[in-house]
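I have placed the structure first, in the form of structure tokens, so that the comments after it can refer back to it.
The letters A, B and C name the chains in turn, as written, and every chain counts its residues from 1.
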Amino acid sequence: MSVFIYFKVHFNGFWLTSVLFQAVCSLLSSGSLLIHVCFQIRLFGSVTIKTLVFPSETSDSYVEMVPLKPLQLKAFTLCMRLATELKGEREVILFAYRTGDYDELNVWRELDGRLSFYLSGDGVFFQVPELGALKTHLCVTWDSSSGAATVFMDGRKSLTKIYKKGHTIRAGGKVLLGQDPDSYLGDYDAKQSFVGEVCDVNMWDSVLPDRTIKDLVSGKRVQRGNVFDWETIQLKISGTVEVIHREL
Amino acid sequence: MSVFIYFKVHFNGFWLTSVLFQAVCSLLSSGSLLIHVCFQIRLFGSVTIKTLVFPSETSDSYVEMVPLKPLQLKAFTLCMRLATELKGEREVILFAYRTGDYDELNVWRELDGRLSFYLSGDGVFFQVPELGALKTHLCVTWDSSSGAATVFMDGRKSLTKIYKKGHTIRAGGKVLLGQDPDSYLGDYDAKQSFVGEVCDVNMWDSVLPDRTIKDLVSGKRVQRGNVFDWETIQLKISGTVEVIHREL
Amino acid sequence: MSVFIYFKVHFNGFWLTSVLFQAVCSLLSSGSLLIHVCFQIRLFGSVTIKTLVFPSETSDSYVEMVPLKPLQLKAFTLCMRLATELKGEREVILFAYRTGDYDELNVWRELDGRLSFYLSGDGVFFQVPELGALKTHLCVTWDSSSGAATVFMDGRKSLTKIYKKGHTIRAGGKVLLGQDPDSYLGDYDAKQSFVGEVCDVNMWDSVLPDRTIKDLVSGKRVQRGNVFDWETIQLKISGTVEVIHREL
């Protein structure tokens, strides 16, 4: 008896494929697995990424993120890694996308520690562990067709809430980290500003599978964001924001 | 030099084994590992399981679980995935097994957020992170011979407490999710009812190894419950309980 | 086409290497990966280690740990697994290293639940999830050259604080678990004593990479501590401390 081995190795986004892999293994995936063994290995080296540090409470420090495509969205997954020691009775803005008159998509830590997001109007709330000094991998997902809204913290998924079924997020605004604009790019409130570290902000125009989100948590860069991709993102920094580079 | 490869592939409970595996690898496991390489690979696809949603506080919504064998137990492991946003000064019943006159095995979230379980009498308490909107994989283990009682949350094990050494849980009762019966299948109290999502309730008549519990957390269905097996369980639903299907 | 397979198997600190691995795979690591496949597999069996249980609040129960080398340190990683149900307004000593007149390195749970450490003088504080009945894998790292101080809980890294840049920890003292000496091996305060379980206390004279710390959390004994190695450590027990053996 013989065992034939075909392999496909994925290293940080670059595929090394044995010549027979495509031919044989694509057959196998639609057929039966008998004596052929197809290895599809993903190797992940460490990645160095930029991290934004907001060292103190201000009303003028923020970072604008330039999207890869307009944010006309009927579904999204938004992920980031963040740590903040802000506590007590204080709101903290985590992500703000505003068009001329509307807060299209704002993500908040609420006064009482809950996480929330708002799509032009009332928000949806999740009672989760408090953000703190330990870095949290946070994802928010929403799908217009079902209205399903969830959050993930370090890969743990929340219960699902039904929110703004049928809604569409509008294109044409600006995305900021660090401040919540109460008018188009202005009227910032220091008491809502973000203080701490944030990095690896990625966004997709679809809801990623739970397993993909777990892979993201463990640093597997399986799928690059198609709305924001932190590895190639263009940032416009205003005020006092430090950019440091860390191994993920 | 040659390398001989024998493989055994486990896919969601179904083994694909190379003809030589049994012969060669069983020898190897009792001998020395030299140039033979035995792959025993477990593949886990995603599993779709039913989830129970208790949408609101009631005194009449519950689910009876039919066991695979009588609950005459000198040891057990009881696991479930759950999320609840109930908070504040309120007890929450997580699992209730009652015979005619006794609460044989009740699992609670206490007023102060601690987890506890009771084997006909006083309980044992664990100070753990609060349950919330994020789904928690919870296990409770107990062994009569040592009295060792522990809880696991998302695979993290608690310190061990000595509780009811020598005790035996009695057979012949009913197991409920959602309500705590203060008499045999009756006298429910809405203020103790469960509100939220619960699924993947499995029970074994032994204490599983820590590593097996970690495998369960990550969705590896390594060992089916022999008292309750959620994938095949028979449920009897009363009142307002929604059954939805989710990928684990 | 052929695939050549070379393997290197690591089992709990013991390497089984195919004769060609060294030759071929060392070439490969500096060259290109084409049709040779090098397996470097680490197998980890379960390990049984001793656990210290401090059953109650005392002013005379402690464990002295004998180091493998003097604690003259310009950098360190200190890790341990611990569980404690002490709560409320109470400080808890987690690790104390004192020379004649100085608390050279003390790790505390503060009154308000924060974790902190002190290098002869004011401390550095981290707002993290509360310690509780679930075992926490805790690491503290510090590097004199940058002053970078971080904590890790269950592999989650905190934000970095700059603390005591240029400082050196002095050799010649004693390391205790369970009590904080306010003079050299004396003046213990029961209200600061440790109550609960602690094990797997390891220390290195360098800052370990984040990934190594994640491996330690999951029980991979990839690198033994060179200041303290819990598997071989010499302990001197005073007062009421129980030593039990548990599978990790």
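In the analysis below, a contact is a pair of C-beta atoms (placed from the backbone, for glycine too) under 8 Å apart; a residue touches a chain by one contact, two chains touch by 3 or more.
These figures come from a predicted structure and were not determined experimentally.
Novice: For subunit A superposed on subunit C via Cα atoms, how large is the rotation, as a multiple of 5°?
Specialist: It works out to 120 degrees.
Novice: Interface check for copies subunit B and subunit C. Shared numbers divided by all numbers used: above half gives same, below half gives different; which is it?
Specialist: Answer different: the two copies use largely distinct residue numbers here.
Novice: Counting only Cα atoms for the centres, state how far subunit B is from subunit C in Å.
Specialist: 32
Novice: Hunt down the residues of subunit B that sit against at least two other chains at once, touch-wise.
Specialist: Where subunit B meets two or more other chains at a single residue, that happens at 5, 129.
Novice: Which residues of subunit A touch subunit B once you look at their complex with the stated criterion?
Specialist: These residues of subunit A touch subunit B: 1, 3, 5, 33, 35, 37, 126-129, 151-153, 156-159, 209-211.
Novice: Can you tell me which positions in subunit B touch subunit A when the two form their complex?
Specialist: So the residues of subunit B in touch with subunit A come to 5, 7, 9, 16, 18-20, 46, 83, 85, 87, 129-130, 132-136, 154, 196-197, 247.
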